[in-house]
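Both complexes below contain chain A, partnered by chain B and then by chain C.
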Partner chain A sequence: MVLLGAPRWLRSRLTDRFWRVQEVLKYARHFRGRKNRCYKLAVRSVRRAFVKSTKARKEKKRFLRALWITRIEAASLEHGLKYPAFISNLLKSQVELNRKMIADLAIYEPKTFKSLAALAQRRRQEGFLAALGDGKEPEGIFSRIVHHY
Partner chain B sequence: MAVAAPTARAAALAPPLTARRFRFPLPGALPPPARAAMASFTKAAQQWATFARAWYLLDAKMQPPGKIAAVTAVRLEGRHKPIYHALSDCGDHVVIINTRHIAFSGNKWEQKVYSSHTGYPGGFKQVTATQLHMKDPTAIVKLTIYRMLPKNLQRRTLMQRLHLFPDDVIPEDIQKNLVEELPQPRAVPKRLDEYTPEEIAAFPMVWTPRKYFTVKTTFHLILKKNIEYC
Partner chain C sequence: MAAARRAAASWFRLAVRHRSSQSQAPPHGLVAKTSLSSPPWPEVKLPDPVEEAKYHAEVVQKVNKMIATGQYGRLFAVVHFASKQWKVTSEDLIMMDNVLEAECGDRIRMEKVLLVGADDFTLIGRPLLGKDLVHVEATVIEKTESWPKINMRFQKRRNYQRKRIIVNPQTVLRINTIDIFPSLS
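Moving on, here comes the complex of A and B:
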């Protein structure tokens, strides 16, 4: 049905423009400059922010792992061990803690971390004995591999 | 400090983020750095002890400036602490004394070149390490540390927490702040004249020189003079 006359001008008007604009601006409120107020600028900035956020999800994992490693290195140096020695000997002793847990232990459970460092140091010495010794010494206690399967 | 630190750090509570500039949740928000945020009243002293900025002393006498700078840069950044985070501002102060007496290995005093440009044409200046050290005894250590710090805006702030003194003399107000002396990175060997005669006598001899092999007879031997020896 074709509308003729005055009603044709009033066919459809956008009534919820305010909310459509707010939908975008609410993500831009903490930005700096006019892009936290003006829709045209905000649309671009918000889209870039979302894109960066999406890409950053992969980088976050890298960043956090690097942070954990830095923290573990600092804590293990306090106990006289370097990070590679600490981690490799912990793995050889079948302590399968990931870096996140070890970093949290280093901050919140210092005595536990100290015992982990002592374990790694002991396993390291046993490794040296096995490699450099005569071969006549008994094999190290912490070097024993326990099969759980 | 080293004994108190592990237990002191034990209760840095993961802070609920107090509003500084960030609002939760941000897209791609990272976990907040452990920093001086609201913890309970009973843990206040522990939190202060954990996040306090310490002052360390380092003696640079007979030390290579590179090793000094490596240790110092780590301390300035705060990377020696398990609570490290780049945004936490958890670095410490470092006071380095005796920078006049640093010791480069090899021929670096003559061969190492420090370059700069004044900005004007023809203003490219190159000085050897010796010349720079003569002009300013703290410059070498300062430049080495500056170049080892992360290249961001925090670098200048960290350099302000570094205090260099060419000799043993430290101002009183800095001396009052010092907490711990860091061990020197290089073990300084003793000179021959620093050994006591008892130590020299106690040192085991590798071989017994025959009584004819004195300096004089060896000298004649080298000049191939006929000399009776047995």
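Moving on, here comes the complex of A and C:
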């Protein structure tokens, strides 16, 4: 005999409350104080932790870029160039390394960074001459634009 | 250099108006040293272009010889791959956060090389190095998924919270070799 509806005297009880609670507490085990043990406090802390990590994922990109810029500035000052001069002249010489790479090169490949700084310095000087001479001086060698077509 | 200095001086003088009681003009070539009579940057002197061209050719020949005879140790390269730049040597692992349409074990050649360096020389591309100059080979090792990242949005006192679990596909590559060929000019 198949019953299509459940009779009124059949009650359903929550049987996996333990696992539902553990699902939240497992993210709170390394917290400080009662919020690593008590569910009511843990729920609030875990929710805030998730929201903060979501927002931090966007801010991490900004923070890392600022870190790279600081490192490049320090390294280029060691070679006698300021950061804006270094980056702008490198871009004008058609070298398209991004700040992460330049920072890594400054840390792990100091000779390569020195050559990049020298390139930027030379392009800067050619730029000064081009600004003064108005075409009377011969065009600089490192200012020539390379075309790839 | 003197011609450039005179041109600079005249350019700067046009910007500044003279209103002196003496009607005598100063002798040509001698400029009073004011804050605007010379450019704010220190004077620049470039080396002789002919000599420089000779020096450049010599350096290029030397580097070509070094590459041809194989006098370099470990090479590193800066490669543009998966919209990111990686500093890469042989036998190192790279993980990209997306799918590559290649099976595990396929050999791949990375073509966009920005920089190649060894201990004694570096080859800087403007912006890329030629394909006949560098050859970077990699093998696809594994294709997995990332750990489940949790995206949560919450607004207080409004009964609004959304939780989403994001799992990205990832690919792991191992760089096998970086080769350079003596084709500089």
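Everything below uses one rule, namely that the second predicted complex is superposed on the first by the 135 of 149 C-alpha atoms of A that agree within 3 Å, B and C clash if a C-alpha of one lies under 4 Å from a C-alpha of the other, contacts with A are read in each partner's own complex, and residues count from 1 in each chain.
One rule holds in what follows: a residue touches a chain if its C-beta (ideal position, glycine included) is under 8 Å from a C-beta of that chain, and two chains touch if they have at least 3 such contacts.
Owing to the predicted nature of the structure, the values given are computational and were not obtained by experimental measurement.
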| item | value |
| --- | --- |
| Overlay on chain A: chain C relative to chain B, clash or fit | fit |
| Touched partner set for A:L132, first chain B, second chain C, both or neither | second |
| Chain B versus chain C as contact partner of A:F50, first or second or both or neither | both |
| A:N98 touches, of chain B and chain C: first, second, both or neither? | second |
| First, second, both or neither for A:Y108, with chain B first and chain C second | both |
| Touched partner set for A:L116, first chain B, second chain C, both or neither | second |
| Chain C versus chain B, contacts on chain A by residue | C |
| Which superposed partner A:A75 touches (first chain B, second chain C, both, neither) | first |
| Which superposed partner A:G140 touches (first chain B, second chain C, both, neither) | second |
| Which superposed partner A:F18 touches (first chain B, second chain C, both, neither) | neither |
| For chain A as apex, the angle formed with chain B and chain C - C-alpha centres, to the nearest 10 degrees | 80 |
| Lowest inter-chain C-alpha distance for chain C and chain B in the superposed arrangement, angstrom | 7 |
| Touching both chain C and chain B, counted on chain A across the two superposed complexes | 50, 53, 57, 108-109, 111 |
| Residues of chain C touching chain A in the complex | 3-4, 7-8, 11, 39, 41, 44, 46, 49, 52-53, 56, 76, 78, 85, 87, 114-115, 117, 119, 122, 124-128, 149-154, 161, 163 |
| Chain B partner contacts - residues on chain A that touch it in the complex | 27, 30, 49-50, 52-53, 56-57, 60, 63-64, 67, 70-75, 77-78, 103, 106-111, 114 |
| Residue numbers on chain A that touch chain C, as the complex places them | 47-48, 50-51, 53-54, 57, 93-98, 100-101, 104-105, 108-109, 111-112, 115-116, 119, 125-126, 128-129, 131-134, 136-138, 140-141, 146, 148 |
| Footprint of chain A on chain B - complex, ascending | 2, 5-7, 9-12, 21, 23, 27-28, 30-31, 34, 79-85 |
